[in-house]
Amino acid sequence: MAGRDRGLFLLRRFAGTVVVVALLSVGMFGLLYLAPGSVQQTLLGTRPATLETIAAIQARYHLDEPLPAQYLRWLGGVLHGDLGTSVRTGMPVADMIGQRLPLTLALVGYGALLALLVGVPLGVVGALRRGRAADRLVVTAGVVGLSAPPFAVGLLLLVVFAAGLGWFPVYGTGEGLADQAWHLTLPAVALAVGAVGMFVRFSRAALIRELDQDYVVFARARGLSGAAVIGYALRNSLVPILTAAGLIVTGMLAGTVLVEVTFALPGLGSLLVDSVTFKDVPAVQALGLLFTLLIVAVNLLVDIGYSVADPRVRFGGRTS
Amino acid sequence: MRGRFPAVARRRPQVAVAGALAVLLAVAVAAVLSPWLVPGATDQDLVLGITGPVPGHPLGTDDLGRDVLELLVAGARTAVPGALCVAAGSMLIGNLIGLPAGYFGGWADALAMRWADLMFSLPALLVAIVVAGVLGGGYGLAVAVLVVLFAPTDTRVVRGAVLEQRHRPYVEAALLKNLSAWRIMTRQIWPNIASVTLANGFLNFAYALVSLASLSFLGLGVPAGSPDWGRTLADNRAQLLVNPWAVVAPGLAIILTAAALNIVGDWLHERVDRRGRAR
Amino acid sequence: MKESTGTGATAEPAIRVEGIKVRQPSTGRTLLSEVSFEVAAGESVAIVGESGSGKSLTVRAMLGLLPQGLEATGQVRIAGERVDDDPRARRRQRGGVVSLLMQDPFTLLNPLRRAGRQIADGLPKGADAAVEVPRLLAEVGLPANVAGRYPFQLSGGMRQRIGLAAALAGGPRVLVADEPTTALDATTQREVLSLIRRVQRERDMAFVLITHDLRLAFSTCDRVMVMYAGRVMETGSAAAVRHEQFHPYTRALLAAEPPADRRLAVIPSVPGAVPAHDAAAGRCGFADRCSLAVPECRTGVPEPRPVRVSGNVREGRLSACLRAAELPAPPAPEPGVVSRPPVAAEPVLEVRDLRRWFAGSPHPALAGVSLTVAPGEVVGVVGESGSGKTTLARCVAGLERPDGGAILLGGADCSDYGRMGRAAVRQARRISQMIFQDPYSTLNPARTVGATLREALWADGRPAGPDDLARLLESVGLARDMAGMRPAGLSGGERQRVAIARAVAGEPRLLICDEPVSALDVSVQAQVLGLLAELRERLSMAMLFITHDLAVVRQIADRLYVLESGTCVETGLADRVLDAPEHPYTRTLLASVPDGSGDWLD
């Protein structure tokens, strides 16, 4: 019975996700019409407006058809892996993305791991030492961290650790796994600083809330060990921390744009900025859709996490 | 059970709050008075060019020979008003939609909330980069796009606060006195949620400041050469070996101002919470 | 301590507490002081007091479980070991020597852990959970398969039983229970209390019960200790204190508790409210509310001393009253009066076959309820949680839309406020008004009392000048200078008075009262009931009085409707229904009211 309920829960969430993606794909398609100037001009970019180029665009985009038909054609292409041709480079957008995706995923993964490993333990320390000096330090550092935009952190890190101390390279991606990790460390730290601040805030608040609950006092009163009592509270703060993790990781997808530009890394983020600056609408559409899918995937993972972490979700019970 | 034990006064690091208020005061003074304090902030000195700290230029100059310290002071003037507009604008929209949505409920509320959920799951900055980029960028556009992107969060906060009050007996008693919905919303409920929206406004202010600086850094905000913190960073990052201060100073300015706003916002939030608990 | 109880005077008591004092260093406030008592092995003691008496803080201090920011001083010995200065000894003792059962069954269990595991977590090292958990579950009257459930899958009563099993898992010699049944329905309360007492006797544990209910204390425990404003007022065996009180406060508390078996002409109430501990420093805390106070009561703090009446020491009795020995004999119990006969007149409220079924709920909240209220008549609606009584009140007030049936107010159809014209709605609102249960949220915290009441007068089309406001305040027993205050500065009773003033500002013909006194302390409850009775006379106002408390409803209602699961199971004159109940459910409800006798739980 539990399995069926969880299946239903996930099915509902999945259906919701499909609707969200569909809505956002309409938005992405709409970008073409949002750009200043005529659609034809946008798609031409800097190419000369010859009969052939215009005919090619006509053949591909069917601009004379009604909008819904155009959208469906575009969507059909996307579903078949045809993300269009970059106005800027003339290359298929899918190829450009394929080249750059691994770096961005590695960067976000590295950053998220760092943030999780640093942020949550700090938040727990803050909650357990509530009101003491250690807590104040953690809280203040957390606020400064989450206030710091990744590009500012990145440049400060470059000034100190690359230009000043010379511990890390200034630019480049490196070769081989270890070298790549070494090159990605400063960018990942720049990306993680804000996320650490968020993890500190959410995990500290969640754990403090749980430590104030009656069941914690009751557990202490009937002689459970300190570790067991903290275990109770930690287990219960998992759900809010999971919620925060979803928001933090999706936020990092935005942060990676800034970090990649700061460190001149050839990832999806710098591709997005280049495409946006060049008004390369097909590339922007494809990248927007890809980011949307990544965000949706993260949120879906969080939902699955909920149903594992909280039996009330699993059994469809009500939170009291 | 609520109120069984006396409310415990928990002390916050008041030093941090005092420091934050001092930073905000300095930034506010710079924002208002910079035309008089540093009238020549954008004057170029191409002969001098970029240099580290020298007499007369305590933080050195950038590659156009502009004084970094003066640029820093002038930068407050673009950093603050835009962010303030975003925070105030989204607060206004949030109240205008969130108050009736929370009070009346129904399908319009459900629709507004689905929309807010959707926007909430997307990182505002990412959407702002795409939309502002495709539309062509610019400071005013960046501010407008951020208002639209921030409003859903405010709407959710206001609606949530209204829902919390909506079924309290004092609201129902007002309903039984046949007071109009408008009067109940504005005179009964709003005074009890105003502090929540204000505290949220400070957090938005901080986030807007950082977002605007990010857009300017990417070239989607203020035009090149403007004395904006994010823009100065972008303009000088190639030169960080020659005069690191041209990068460090605006970077720290953004971080400190945003942190100060967040600290004050948190402090307000905590006061609201404590009052709520003491009831 | 000089007293001794039946259980072997030489044996070391299970608990000995001397001179406990609890302070809040950040504000410099003292919350209670000089609290001393002992509990013999196997003995049960109830600590009784209203809110602010310090009863919960006393045991929290004793157990070393004070909330953050509070500090305790004083000696505590548990099972012969001094623990107040030894946190390690405390930790060692928890579970195995002393255990605590808390108030709210909905929050005391870890929501994400199966019941059986939570019980097993408290077992001593080396115990076999597979054997012990089912045994403990059986001891608290639950089947073994409950072990696999999560708390959210269990009812309040079952959760409290799980809580008891978990508290017992370590095999404690002392069990402390802090209002363990206050959050439960009356019938469940009696079951759980009777279970706790049975277990306590079988295991021969010492037992400390914290409660606000003096009768419940008499019925459950061997001895009682009455606290007020952070001090001990009186101690003695349950039977003796029930028979004869040596402190005016104990008397007042007992008198203010309305009886379920008869209707009093007037419920004796004490004016004023419980002062803060510091506000009563250096004198008897009760002096300002005491009709027997003499000047000496205000010159020093009276210590609890053995009571000596005409030369004889009363065994086991302590009283903190200077005049304990010379208190006049308490007045004889008031004879009951009969409730008013029904009036033959066009009803002010008529409800026909009212139905409401909330989406997602397995049972209807209201499954066809009909009732009438005649002008000037007080009609009580009683039932436990889930009976539909509050839904009924909210439908009548127009705060909830019924699915079916009709509501007639003054003859006009008010079944659906959404479909009524503006004038009809205004008319209906002028006829009926409502007061609510929670005194903390019933007033707008952002507005002054004056602003709230002026708006009420204005909305009801009455003049709202300063004199009108003062008259309204005086009509509910409040001073006119209270107009400038905000709710945060008022006591629970004062807030409820303001709420009543707001409701009656336009002199409605019907006042809907949804549990108006159940969140108040007994002494304040008596005041508010008195005020309602007085207003009813003066304004010839009818009332629909919703409550779970049969003793309260007995004092005010003329006729009763008993609701169970959304249906009316019994109706009639209040005296008839309560003296000769016909339906088994009514009889169960009546049996669940504590009567103060020692055999109530048997």
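In this document, chain identifiers A, B and C correspond to the written order of the chains, with residue numbering beginning at 1 in each.
Methods note: a contact is a pair of C-beta atoms (placed from the backbone, for glycine too) under 8 Å apart; a residue touches a chain by one contact, two chains touch by 3 or more.
The model shown is predicted, which means the values in this text are computed figures rather than measured ones.
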Chain pair with more C-beta contacts, A-C versus A-B: A-B
Farthest chain (mean CA position) relative to subunit C: A
Inter-chain centre distance, subunit B versus subunit C - centres from mean C-alpha coordinates, in Å: 48
Distance between the centres, which are taken as Cα means, of subunit B and subunit A, whole angstrom: 22
Between subunit C and subunit A, distance of the C-alpha-averaged centres to the nearest whole Å: 52
Touching two or more other chains - residues of subunit C: 68, 103-104
Residues of subunit A whose C-beta touches two or more other chains: 130-131
Subunit B: positions in contact with at least two other chains: 10-11
Of subunit B, residues touching subunit C in the complex: 1-6, 8-11, 168-170, 172-179, 188, 191-192, 278-279
Interfacial residue positions of subunit A with respect to subunit B in the complex: 20, 23-24, 31, 34-36, 130-131, 136, 139-140, 143-144, 146-149, 151-153, 155-156, 158-159, 163-164, 250-251, 253-255, 257-258, 261-262, 272-273, 276-277, 279, 281, 284, 287-288, 291-292, 295-296, 299
Interface residues, subunit A side, partner subunit C - complex: 130-131, 213-215, 217-224, 228, 232, 235-236, 309-312, 315, 317-320
Interfacial residue positions of subunit C with respect to subunit B in the complex: 24, 26-27, 29, 31, 51, 56-57, 67-70, 103-104, 397-399, 425-426, 429, 432-434, 436-438, 440-447, 455-456, 459-460, 488, 499, 502-503
Subunit A-touching residues of subunit C, taken from the complex the two chains share: 63, 65, 68, 91, 93-96, 99-104, 106-113, 121-122, 150, 152-153, 163, 166-167, 169-170
